[in-house]
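Look for subunit A in each of the two complexes below; its partner is subunit B in the first and subunit C in the second.
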Partner chain A sequence: MRTISKRALGLAWVMPALVLVGVFVYFPLVENLGFSTLKWDIYSGSQEYVGLENYRDLIDDPVFWSSFGNNVLYAVVSIAFQVFGALVLAALVESIRSERWQRRLRAIYFIPSAISMTVAGLLFYFIYEPNLGPLNHVLQAVGLGRFDHSWLGQETTAMPAIIAMSQWQGFGYSTLLFAVAVQRIPSEIYHAAALDGTGPIRRFLHVTVPLVREMTGLMMMVTISGAFQVFNEVMVMTSGGPDNSSQVLGTWLYRSGFVRNNFGYAAAIATVLFVITLGIAMAQLWVTRRRRVEW
Partner chain B sequence: MRPRALTTFAVIAGTSVLTLAGCTGGTPAAKAPAADLTAAPDYSGTLSILTKFAGEPLEPYFQKLAAEYRQAHPGVKVELIQETDQSIKDKTKTLTASNALPDIYFTWTGNWAENFVRGGRAADLTKVIGPGTDWGKTFSQGSLSAFAYDGKYYGIPLYNNGKFMGYDKAAFAKAGIKVPSSFEELIGGCGALRKAGYEPIAFGNKDGWPALHYLQQLFAYNVPSATLQADFKPATAKLDDPGYLTALKQFKTLVDTCTDTKTGTNGVLYTSAQEAFADGKAAMYYQEVLEFDNATAGHRLSEEDFGIFPLPVPQGGAGAPEVLEGAPEGYLVNAASPRAALAIDFMKFVTDTKNAKTLSAPPYGQPSTVIGAVTPETSSKAVYEGIGLVNRAPRLAAWLDTVTVPEVADAWLAGGEALITGGKTPEQVLDSVRQASASAK
Partner chain C sequence: MVSRLGFLGVIARVFVWVFLLGLAVVVLYPLLWMVLNGFKTNAQLFGDPFALPVDWSFENYQKAWNRGVSNYLTTSVLVTVTSTIATVFVSAWAAYGLTRVDIPFNKLITGTILGGLMLAPTVALVPLVKMFQAMGLYNSFWALLILYTAFRVPFTTFLIRAYMLDLPREVDEAAEVDGCGRWTAFWQIILPMCKPIITSTVLLHILFAWNEYLFAMVFTSGSGVQTLPVGLTSLMSKHGTEFPVVFAGMVIAAVPVVLLFFFGQRYIVKGLADGIGK
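So, the complex of A and B:
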């Protein structure tokens, strides 16, 4: 009897939070799934049930697939830079003997992450600007004027330019997290490895990498998940253009709904995006449970 | 959350979809005004207005009017929601979808306004603003007709607008060229301007729509008017007139010959191009009447050196050379507003002669649609000249991104960008628009 009342009390304590999460997270989620099966005219308010038609349109939509491809490209590059690159950099920073320099470098690398993505996007928009942007001026100054380009104005370079900016912005944050993970590795293990005659590269590969695998797994999942939720930087820098070449799923969703007035179709894209990120979240939970490092 | 719990959630979510889909019947908009428009207004409560005047120098205009109106009617509070040209599109659609439109809201002409009329969101104002009414007589007939659908008048036109090539008279003199009398002459003069040290035409297409403004004017010159009007509506569109390809090629020639950024123009902001012109770096810039006063305010370009001319007509075009691109912009009254009579009273105040003259004068420089508001005394020389040309034009070609349905407008926008970069040929652009139009039927 006492256990039941304790349970009831516990439930009462968590109920406000559950209600809030239910109303503001899960209800809109479920409602969005409903919208994705509708043809919705926001002006007249009429909603016609069309079943899976929006999902069939999605399969035939080349912009949906190019947007998906851009998200994948974003994820691949981000894993290379913000996971593996950041891990190498963190190990390098932590190998510096001077603690003062370690702190300074960590701060230097972290500063870009303190800038909001929208501000960073605007900043890089002006860096990439073909007439006034410093990037083209620098290229000309060092004799590389032939690479002078309208970075955000051409189909071939718009998406790579956005991805490059986001790596600059996110790289320091990942490095900082990896630095914390590297600091947690007992120094005795490194000493023992050094006594066994291993060099710095082998110590990195055989000590650091295995012992930060939990953080690596987590960072990979967070990075991939983030790559599929990209929105701000694309909107600020290109709005998905030119000719939809830099659309990602988030911006194509927005454009389908708010520009093309196709809100049912936009909801279908949102559902696909949700399924992808849900899958990644589940994988993340599985990985972090299975790959716990203890010493 | 554990994976099992997530799976359970997914199942619940899936089931809910089916339930919701079966239940959703939609929330149709109100079909008739909730209040009598001709009734005496009740001077109490809060009147909400969504404007497109966010930012300087326009923002204070409605703020001052709201304060004055409140002073005259202390029981009325005017709640202003001021948005920019870009953000008002999202804001209006969000408010529409959530049935939360304010009492008065901004609109463009064409398909944009038609959607609100068709959906029953805009009050029929014929009785109060129709051509025969006292209030209606204060507006130019063309501006009222721009918001008329099926013989009924829905919009309150606030200011008129048109697109012109602005040019620097000093740059033209330095290059030894005159105002071009044909499109071919315009292109031919770009070399001389470049030799004189100017970018011939400043152009920034980062947002996509500036290209549409060129295209729409060129379509009007090259495609017969009846064909063009039929092609705006997906139900009747064929988009097979050769004039489209001619216009697309002319636009590509202009970008490649007369801009410095050429295929990279999509990476330049519209406002950066505007600055290049105002600072005397570029000789020409295609702009709206609403922007004329910005070009000379606090910039190197003086009011005396600033001249305008309509985009020159290409030789042999099958369209209408007398058509000018432009359209008035105005306001709709929410059909479901319980304060519709008060809304009308407020808009009558906004469009009285005194306030219309204030709107037309610097720093606002928005040429009012009220007859007699734009005079050489109230407006700058360029605005007065531009609006005179707009008023004298036998017909106006409304903006391409508002005159046709959004899917088609978006296809034109993407196509314009692709044409600039060379990613698509004119034929491929037209083909992609045809596909968008077919799927919008």
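So, the complex of A and C:
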């Protein structure tokens, strides 16, 4: 009896964390499912049960689908640049002989990830600005003036421009992580490959790529999950405009709830986001677990 | 044959250097442009966006400071400091309980706390707003302190727990022989041994709290407790025609975290690598 109560006393160590996570992370998730079945005006306080109507509206909402498409585009481009591009870049940085320059370059590439997405977003808002922005000036200077553009002001270029900024902001972060993974590869393996007369490109493909496979998998999951949670840069640069063309699920959720006062609908979008991010997390768990068994 | 390979090797090396340095310029130039613009007048900025500032006066910084940036900065510092302390202590306690104390339902509790890593803040947004309105904490400093702590406890616990698992068992036994209670053992023996990972988690949390936008925007936008990321956007919408003032505000927001990264690089990299690579 005494041992049981003593064991239970140990729970005091984990209680603060458990309560915080339970009340502010898990409970809202469950509550959100309930909210998504309501027609709910937060200002008048009126709530009405409407079943799955919000989800049916979702299916018929073209902005929901274009937002979803923008998240997918975000994920695809980010995988290309921040996973595969960063892996190649990390290997290139590791291939130079001066360790001091390796460190310097990695640190420089990381700076945009240290400053906030808000600062980066505002900075590129000015860079894309049609009149004073350096981007159009540079295009004119190199004779590409016909591409001169109101980058964030036009439906076709707003989303690509935001995605491009976010690659600038984020590639250094994943390069840094890949660099750590590359450094963990025992140097004997490289020496052996070099003695065999294997060139640098084949060494990259046959030694580096397979041996950082685990990091690559993790970075892919993190990147995809991040791409579906995009919010900050879109809010700062376009607020989803022009004409909702750069809307993503996160900003469409915000707009539906907090601007259009349709919180039930916002909750339904949140549920979709929940299913997507949970699915990605599950896939990640499944992959890492299977690998552990394999080895 | 050998010399030809050597020649190709040199060419390849030159290409690699040109590419790497070119990329460094692509990263650094926009940042430099931002810093320089903070020293210009509107006329100079619109006249030639590439020109160097004529006189290096801090007038724009002063204007930005007086138009709210001092308040945003104070709030940011306050939220960052308090949520860092809360997050790291709550997480270190939890990690200690999970790794070095015999508690019931250990697996379940570990799964619950670390499972929070998988959940996106956006998903909980609507219920959280309702909850904080009901508690009377909407539009307050407390909302950010609580949310930044709750949503970062899983990640921070994850990092500290992994570190504590690797500490030898004998440490606890020695503490017990010395007659230390659990509480003393935690503060005087285990926590000091965890200093490297505590440093990492502190720095990572500062980066997070300083830059966070979603919660800051939704929970404080209409009040006097805006943090820098939100404050900058309102500076922009209020004084959007005076671009150099906005640039100055951006620089004020960016400098502390860039400095932090350069001084704490080793710990930040280690924390990130352990967090994602394990």
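Methods note: the second predicted complex is superposed on the first by the 279 of 295 C-alpha atoms of A that agree within 3 Å, B and C clash if a C-alpha of one lies under 4 Å from a C-alpha of the other, contacts with A are read in each partner's own complex, and residues count from 1 in each chain.
Please note the rule applied: a contact is a pair of C-beta atoms (placed from the backbone, for glycine too) under 8 Å apart; a residue touches a chain by one contact, two chains touch by 3 or more.
It should be emphasised that the depicted structure is a prediction, and the values quoted were computed from it without experimental measurement.
Peer 1: Return the chain, subunit B or subunit C, that is in touch with more residues of subunit A.
Peer 2: Touching more of subunit A: C.
Peer 1: Between subunit B and subunit C, whom does A:E155 touch in the aligned arrangement: first, second, both, or neither?
Peer 2: first
Peer 1: Where does A:F263 make contact in the superposed view: on subunit B (first), on subunit C (second), on both, or on neither?
Peer 2: both
Peer 1: Using the superposition on chain A described above, determine whether A:Y49 touches subunit B (first), subunit C (second), both, or neither.
Peer 2: In the superposed model, A:Y49 contacts subunit B only, not subunit C.
Peer 1: For A:M219, decide between first (touching subunit B), second (touching subunit C), both and neither.
Peer 2: The second partner, subunit C, only.
Peer 1: Examine A:T198 and indicate which partner it touches, taking first as subunit B and second as subunit C; both and neither are also allowed.
Peer 2: neither
Peer 1: Does the superposition put A:A114 against subunit B (first), subunit C (second), both, or neither?
Peer 2: Only subunit C is touched by A:A114; subunit B is not.
Peer 1: Applying the document's definition of touch, where does A:N131 land relative to subunit B and subunit C: first, second, both, or neither?
Peer 2: both
Peer 1: Show which residues of subunit A both subunit B and subunit C reach, each in its own complex.
Peer 2: 26, 29, 31, 42, 131-132, 258, 263, 278, 281
Peer 1: Spell out the part of subunit A that touches subunit C in their complex, as residue ranges.
Peer 2: Of all residues in subunit A, those touching subunit C are 7-8, 10-14, 16-18, 20-29, 31-32, 35, 42, 89, 92-93, 95-96, 105, 107-112, 114-119, 122-124, 126-127, 131-134, 137, 168, 172-173, 176-177, 180-181, 200, 214-215, 218-219, 222, 225, 228-229, 231-232, 235-236, 249-250, 253-254, 257-258, 263, 266-267, 270-271, 273-274, 277-278, 281.
Peer 1: Mind pulling up the subunit A residues that touch subunit B in the complex?
Peer 2: Within the complex, subunit A touches subunit B at residues 26, 29-31, 33-34, 36-38, 40-47, 49, 51, 128-132, 149-155, 238-239, 241-245, 255, 258-263, 278, 281-282, 285-286.
Peer 1: If you look only at subunit B, which of its residues touch subunit A in the complex?
Peer 2: Going through subunit B, the ones touching subunit A are 1-3, 6, 9-10, 13-14, 16-17, 20-22, 24-29, 89-90, 93-94, 96-97, 99, 115-116, 118-121, 205-208, 260-261, 263-269, 272, 276, 406-407, 410, 414-415, 417-418, 420-421, 423-424.
Peer 1: Okay, in this complex, where on subunit C does subunit A touch?
Peer 2: 12, 16-17, 19-20, 23-24, 26-28, 30-31, 33-34, 37, 45-46, 49-50, 90-91, 93-94, 96-98, 101-104, 109, 112-113, 116-131, 146-147, 149-151, 153-154, 157, 182, 207, 210-211, 213-214, 217-218, 228-230, 232-233, 236, 243, 246-247, 250, 253-254, 257-258, 260-262, 265, 269, 272-273, 276-277
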